[in-house]
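For reference, the structures are reproduced in the following blocks.
Next come two complexes built around subunit A: one with subunit B, the other with subunit C.
So, the complex of A and B:
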């Protein structure tokens, strides 16, 4: 299979890794910001207050209906046009992915909390626990177990979707790959397959540990 | 009757929930829009109060003076379209557009800061003032000229026809009755349909398919942008571009934010003064010739001093 030299060239490898660094940085920062925001959102969503419900519902639907690319354009170009903000591509990406993560995770948290049967609360109260204690000791542990698989799924989706950031000028993994392929278009015409193969592998080694982690935690909590 | 009423009741409750959600989304959207308008209005007010500003747009493009003061000019270039704008093995920006961009910055006495752009986001980059200039193989069209201001051209593209060297086609007349491969939706397709109906067209969706058809001998020649076929023929021995320039030439020019006259005038001045040293011919020799080969007429591609011959 010709063309392997393109992925053996040390400077190409270093550039791909630098691109991966940008991808992972956007992904991790967004996931880290989504966690507290999403949990807060989810807990608010379980409240009975119709105003809070309507606002959060609107937020969730807005984020869900809009393609991520449109959101990126809105935040990157839109804020510059309307308010003259000069957000960097990476900052705009983190804003969009955090908003997305918070909305989706919020809905997952709400689902997990509401899936715990009413009887669990009642049993806890009967045992003499207060509201806070019942929530922390009985409801939350069960909800977290149910929450983990879809939350990890969301995190991997967020990491993968960072590939869209290249369209607002962020030089991340895919963009670096395309630059290398294009530069070697004539010297190594079969390079595309090798570069995309390496990119697949790099995304895999970022996302796979997440899956392993969630499986481990699930197994431990199941006991 | 009872069930009917129940159903009605259920429907209305569900209807209400849906209605509430829709209203909430609309409310959110209008709040966002209002916030946008409000700030835009403020921006306009601010601009009016600022004597130095030349236009009252939503946001201000940087003037030549502001760029000089900041010490950096932001230039949008392609980073994966060799040989016009690309990143070499060491990670440095290279290409025909980049050479000009570097010279532009150098003569202005500022540092060039390159921003990676794509074909689709070149106009938004200028409209939102994320860059001062776009130098990314930007073809001048009427539609684009309504949204951005183009400076004088520094390059032109027309159609090229590539054929096997053994049965080389060197004139449009020689194509009569022959089969010509084209890619759907390109200017080549419309040009031949309109001007040379005696040429049989064989159409493909992808460039790769069209090239394979030529390699397999399913057609006598293939036509698309001359820059594209020239580059391809160079890397495929046994094929030559018999016709290097056909049809109306499209020009390629730098673009700035609509109404940013100080920067556009500076670029025009620069293009005019660079003609004395044949800057773009040197640029061609450095960046495009290695890709197109030396059997190409430079003046089919390069525009010097903004004058299309």
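So, the complex of A and C:
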């Protein structure tokens, strides 16, 4: 099949890997920021305070209903237009993906905490455990085992969705691929198949281990 | 309500009233349990017997009246850890900690709450688990155990805290019939050992065998109380007790009747 040289060219390989680096960086930084924010959100959502509940509910629904692309445009172009902020595409992406991750993870944390039966708290209480002890020793370990599989799944979705960042000018994996294809449009007309094929494998290499991890955890903790 | 020696009873409930909304679940209930006594609480479902145990354990607040432990008032849910440790409770649904092994379930509270040495706690757990025949399951997780095994572990977990009083809330209600015996044998052994217990159960033969005293509740009140369980089950004095006990009997209209217990 002609055109394979386009993905064997070392400079193209390096450019694709650099693009993958940007993709993974946005993904990882966003996931890392989502973790503490999401856990805090989730714990706050289990409180009975109606104001906190309403605010977090609105936040979650807003983020869920809006397409990620609209959020990216809103943060990237909106803040520039309204307040003259000069966010880089990557910074805007990290903001959007962290907010998204925090909202979704928050809902997962809330669900995990609320799924622990009331009787587990009762058992801890009659054994003399304090609230903190009960939370740390009894509730949290159970919540984490329920939380991890869907949380890992969320992380893979976040990595995949970073492909949208190219639409606000971030030169990530897919954008790099397009540039290579455009540059070689006449020399290698079949380049698109090779390049997107390689990109497929690069995403696969990043997300496959996460997906395996999620399935393993699910099986191991299916008690 | 002191006993003959003039000492305060181990556990005492006076005029206990508990409402859920408009519904009065416990209506001015009195109960005293002496040290080493086994009191079995019977009654139709919804009579308030589980609520009574939960009020004693501090899992529910009370609307009126009080709960006393060795003369000290302990009503309400805001109890310090030391006080809660004196009342052990075993639930119908076992409620073991699912992320911990059998051994860790039993040693967790002694180590983190009572700050006992881990090895010492494990030695005691070994003795307890051997007693209920589950030492070889020490490294298993609760999900791999049968209901009867889980309930025996739950009893060990409560005993490891050295409670003054054990509260057993329908501990065999969720079990298959063939597993009921293995759990109740353990409870019988505890009674032999002189442990003070308040037991809510629907196992009438077990109740007759283990009880020093039987208390029957209905509508949130004590309708009959007897220090002679055999007599209570043979010849209940009140109509309501007769009616309740007759629910555990089945008779064919024609020919020979068969007695059967649930």
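Everything that follows uses one rule, which is that the second predicted complex is superposed on the first by the 211 of 223 C-alpha atoms of A that agree within 3 Å, B and C clash if a C-alpha of one lies under 4 Å from a C-alpha of the other, contacts with A are read in each partner's own complex, and residues count from 1 in each chain.
Just so we're on the same page, a contact is a pair of C-beta atoms (placed from the backbone, for glycine too) under 8 Å apart; a residue touches a chain by one contact, two chains touch by 3 or more.
Everything numeric here is computed off the predicted structure, so don't read it as measured data.
Peer 1: Determine, under the contact definition given at the top, whether A:175 touches first (subunit B), second (subunit C), both, or neither.
Peer 2: In the superposition, A:175 touches subunit B alone.
Peer 1: Between subunit B and subunit C, pick out the one touching the greater number of residues of subunit A.
Peer 2: More residues of subunit A are touched by B.
Peer 1: When the two structures are overlaid on chain A, which partner does A:123 contact: first (subunit B), second (subunit C), both, or neither?
Peer 2: After superposition on chain A, A:123 lies in contact with subunit C alone.
Peer 1: So, does A:135 touch the first partner subunit B, the second partner subunit C, both, or neither?
Peer 2: neither
Peer 1: Quick one: classify A:145 as touching subunit B (first), subunit C (second), both or neither.
Peer 2: The second partner, subunit C, only.
Peer 1: Which residues would you name on subunit A as touching subunit B in one complex and subunit C in the other?
Peer 2: No residue sits in both footprints.
Peer 1: Where on subunit B is subunit A touching in the complex?
Peer 2: 20-21, 24-25, 27-29, 35-37, 39-40, 43, 58-60, 79-82, 86-91, 115-118, 120-121, 124-125, 127-130, 231, 234-235, 291
Peer 1: Would you pull the subunit A residues touching subunit C in the complex into a rising list?
Peer 2: 117, 119-120, 122-123, 125-130, 133, 137-138, 141-142, 145, 223
Peer 1: For the complex, which residues does subunit A have touching subunit B?
Peer 2: My answer: residues 9, 11-12, 15, 54-55, 57-59, 61-62, 73, 76-78, 80-84, 86, 166-171, 175, 178-179, 181-183, 185-186, 189.
Peer 1: Taking the touch rule as given, give the residues of subunit C at its contact with subunit A in the complex, in rising order.
Peer 2: Listed in rising order, the residues of subunit C that touch subunit A are 57-59, 81-82, 84-85, 87-89, 91, 93, 95-100, 108-109, 112-114, 141-144, 157-158, 161.
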